[in-house]
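Labels run A, B, C, D, E and F following the written order; every chain starts at residue 1.
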Amino acid sequence: MSTWLPTLITSTPEEGYALAIILARMAVKLTQPDPEIRDRLRPEYSEDAEALISVSQVVATHFATVAAANGYWKDVS
Amino acid sequence: MSTWLPTLITSTPEEGYALAIILARMAVKLTQPDPEIRDRLRPEYSEDAEALISVSQVVATHFATVAAANGYWKDVS
Amino acid sequence: MSTWLPTLITSTPEEGYALAIILARMAVKLTQPDPEIRDRLRPEYSEDAEALISVSQVVATHFATVAAANGYWKDVS
Amino acid sequence: MSTWLPTLITSTPEEGYALAIILARMAVKLTQPDPEIRDRLRPEYSEDAEALISVSQVVATHFATVAAANGYWKDVS
Amino acid sequence: MSTWLPTLITSTPEEGYALAIILARMAVKLTQPDPEIRDRLRPEYSEDAEALISVSQVVATHFATVAAANGYWKDVS
Amino acid sequence: MSTWLPTLITSTPEEGYALAIILARMAVKLTQPDPEIRDRLRPEYSEDAEALISVSQVVATHFATVAAANGYWKDVS
């Protein structure tokens, strides 16, 4: 059985950040499952300054969780 | 007696994310108990980019709580 | 002397969620003590999608605090 | 020398909540030091549903800090 | 070499709160380095209720960080 | 292989703050990869008070993460 979120553990901070973006997008997908409506909404937020900042805020919240899960990657350098 | 929230512990990160979505929706239900009004409001946020991002923010906050409760599922892989 | 917030400790996650809702509402009561004005404002947020999501965000923040206070109810199941 | 914030430690959760409200208001005072302008703005947020929810969010964030500082008042009951 | 942020450690909660305000303002300065534009924007937020509350939210987030850094000043009283 | 985020560890709080700003901007870049559109949006937020405060909020959230990762730089002074 495949899953979209098998683990919060990543090798590097950068992969952790990529995971935070996936986590942010997944809530949108689950709240609005229709891909056509999502496609229609995309320009609304990807070309709007305030919306882009709001996306950035959601990513920041998830990144905090992923970073904590990974012990802040203190052994990576 | 059945409850909607028996525990914060889940087997996997993905189930934890699903729980975060339930936690986000429950506040809406308890603040607006009338299902007809909620149905009327649904298109307002499910077809609006900013509102979807805001929902995503609430889910992120709950996911942080659920992830901490589960020790970030470090033993899952 | 009775108090509205004797403790953050609850028996179950669900009671903890109910407490988070009380904590969210109390700030509104203390900022706007006039019950008539609050009654007038109620439809503004209980029938508005964005406002309901914002309420949900406040509840999520308080729930994080209550959950941490209760050690995430790990012994409950 | 008197101070407005001698400590984050309070005897009870309720006093901690009151402190969270003080912490929220202080940022407004320090950003807008003119009491006349603040008085003029008061109706704008105390009679507006969205603004009251936003105030509630700030209080929630400070309450999390105060609660952590007090070990969640686990010995109080 | 002088720096604007040599340390997060402060003697008292009140100094910690002052530091949180500096931390909040610095992001604005670094995003909009032109002091003339910032001066032009100042009335927009210092005389607007919603903007003042938003500033207060940013300060609350930084205060949480500074308070944690200082072990919540538990030894101060 | 070069990366934009090799580590969350910085020498000083100030470098940590600079990293928080990079983390905030990266979500915008990854959500809107077209540099021309981003350039067009820049004045929208860098000359708008509310948007600048929102940027400041994202930075605050990332700074909390970076500060925790660095043990709040307690050994720096």
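Following the convention adopted for this analysis, a contact is a pair of C-beta atoms (placed from the backbone, for glycine too) under 8 Å apart; a residue touches a chain by one contact, two chains touch by 3 or more.
As the structure is a computational prediction, the values presented were derived from the model and not from experiment.
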| item | value |
| --- | --- |
| Same-residue or different-residue interface between chain A and chain F, half as cut-off | different |
| Most distant chain from chain F, judged by the mean position of its C-alpha atoms | C |
| Centre-to-centre distance between chain F and chain B (centres being mean Cα positions), rounded to whole Å | 27 |
| Length of the line joining the C-alpha centres of chain B and chain C, rounded to whole Å | 16 |
| Contacts with two or more other chains, residues of chain F listed in rising order | 45, 48, 50, 54-55, 57, 61, 64, 68 |
| Category of the chain touch graph - line, ring, star, complete, other | ring |
| Touching residues (chain side chain D, partner chain E) in the complex | 3-9, 23-28, 30-32, 37, 41-42, 44-45, 48, 50-51, 54-55, 57-58, 61-62, 64-65, 68-69 |
| In the complex, chain A residues that touch chain F | 12-14, 17, 21, 45-50, 52-57, 59-61, 63-64, 67-68, 72-74, 76-77 |
